[in-house]
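Labels for the chains are A, B and C, by order of writing; each one numbers its residues from 1.
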């Protein structure tokens, strides 16, 4: 089931579908050190606890860098295997900062294409429930869907995680 | 990845998963003219904008017809390739009008079966989030699930879109 | 499309995706009698109606037992094919009773592993929508995701239902 990461892999799935663990294992199939680009910001205790759990799981070969906003530059500077965890929180940060989301997506894509080593990107699928009541949530899921489509079109491999297991979306 | 539409194809997926673009490409693999049956009603500016974006993307070979309610009759009158976009808004219109949803579903299925050319139907998967608080949303996702099951049982091909890419559900 | 149940099969999917009907058919491919372990509790009329619909669909070979809480013991006592419908309501019952969810999951897994006949477990995927507003819903979808991952890791077969059709998640 586990393969070494292609040059660019997109790992999509719902909450608690095992995306991060799977993505980490893809990167760990390459020689260390591994760069972990963390986009989470610890707004509250719940988030702090999630971040701590994720960190505790990662072994010593990982170098963690917090990049809530300037993800494209951080990917561009990587010179080995890099994991982006996750696109969803990055997008949230961009939208809250009223940044240009389309331009940021294009910059990220360009950085991934130019990266010398494998890049694995993790994103949450959020568009499979009832249409949300509030406009911000609707905008968020639109932007997330657009970003995922854009990255998936260029990715060498796309998987959709279900219960910790990867379903192959691409190659299709 | 792209194949010409089978006689009856069901394209399912979440919000912004690339359903419409994929469905249009399936139809455009056949000779024009192509009939686009649009079920959206422009209730507000957000919806008006979405409709305009979809229209702008479609090339000259398309003939668009607005059918918020009587979709079965419109499919029955088609004499070439036809795209239904989308089942979800049609179902919303039926429920708001207190129409007989089961009868409408049966009529649609009969019209698809009798159509002389390929029919591609687009529907939103809305049942993969937390159970909605309000009863109308629960009823809606029940009806949507039933309609999709019914159409999928008869369809020649069913795909589940993830990030713009089709996963094959049927043939399974 | 239909195969006899492996020793342990996990059937996941959204609301009205045909999980129960598919799971019942898997079990009915074995000789009767079949044990149906029902975790639903009839809190209100809507739930009572759903339970009645499910019961009415099942043929004479089924023995139904209500096990809102002690599912591991009931699975352990089974001496033939057994269907658990569903994990989602069981988890809801456990959380509302402030039971030890992790211990209960481990006990269920042990009971499935020790069962003499095939076991089919049905669960709702609830993690593919926008992050829920309320903390209880977030906790619920976290626990559901963890339970599904744990069972999927040990299951012989995992399917993800879309519009009444099974997509194979495992073997992957």
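By definition in this document, a residue touches a chain if its C-beta (ideal position, glycine included) is under 8 Å from a C-beta of that chain, and two chains touch if they have at least 3 such contacts.
Chain identities (UniProt): A, B, C = Bifunctional adenosylcobalamin biosynthesis protein.
Computed from a predicted structure; not experimentally measured.
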item: Same or different contact residues where subunit C meets its copy subunit A, judged by the half mark; value: different
item: Equivalent-chain rotation between subunit B and subunit A, CA atoms, steps of 5 degrees; value: 120
item: Centre distance in Å when subunit A and subunit C are each reduced to the mean of their C-alpha atoms; value: 30
item: Of all residues in subunit C, the ones touching two or more other chains; value: 14, 125-130, 141, 167
item: Parts of subunit C lying in touch with subunit A, wherever the complex brings them together; value: 10, 12, 14, 125-131, 135, 138, 141-142, 144-146, 148-149, 151-153, 158, 160, 167, 169-170, 172
item: Residue ranges of subunit B in contact with subunit A within the complex; value: 1, 14-18, 46, 125-130, 132, 137, 140-141, 162-168
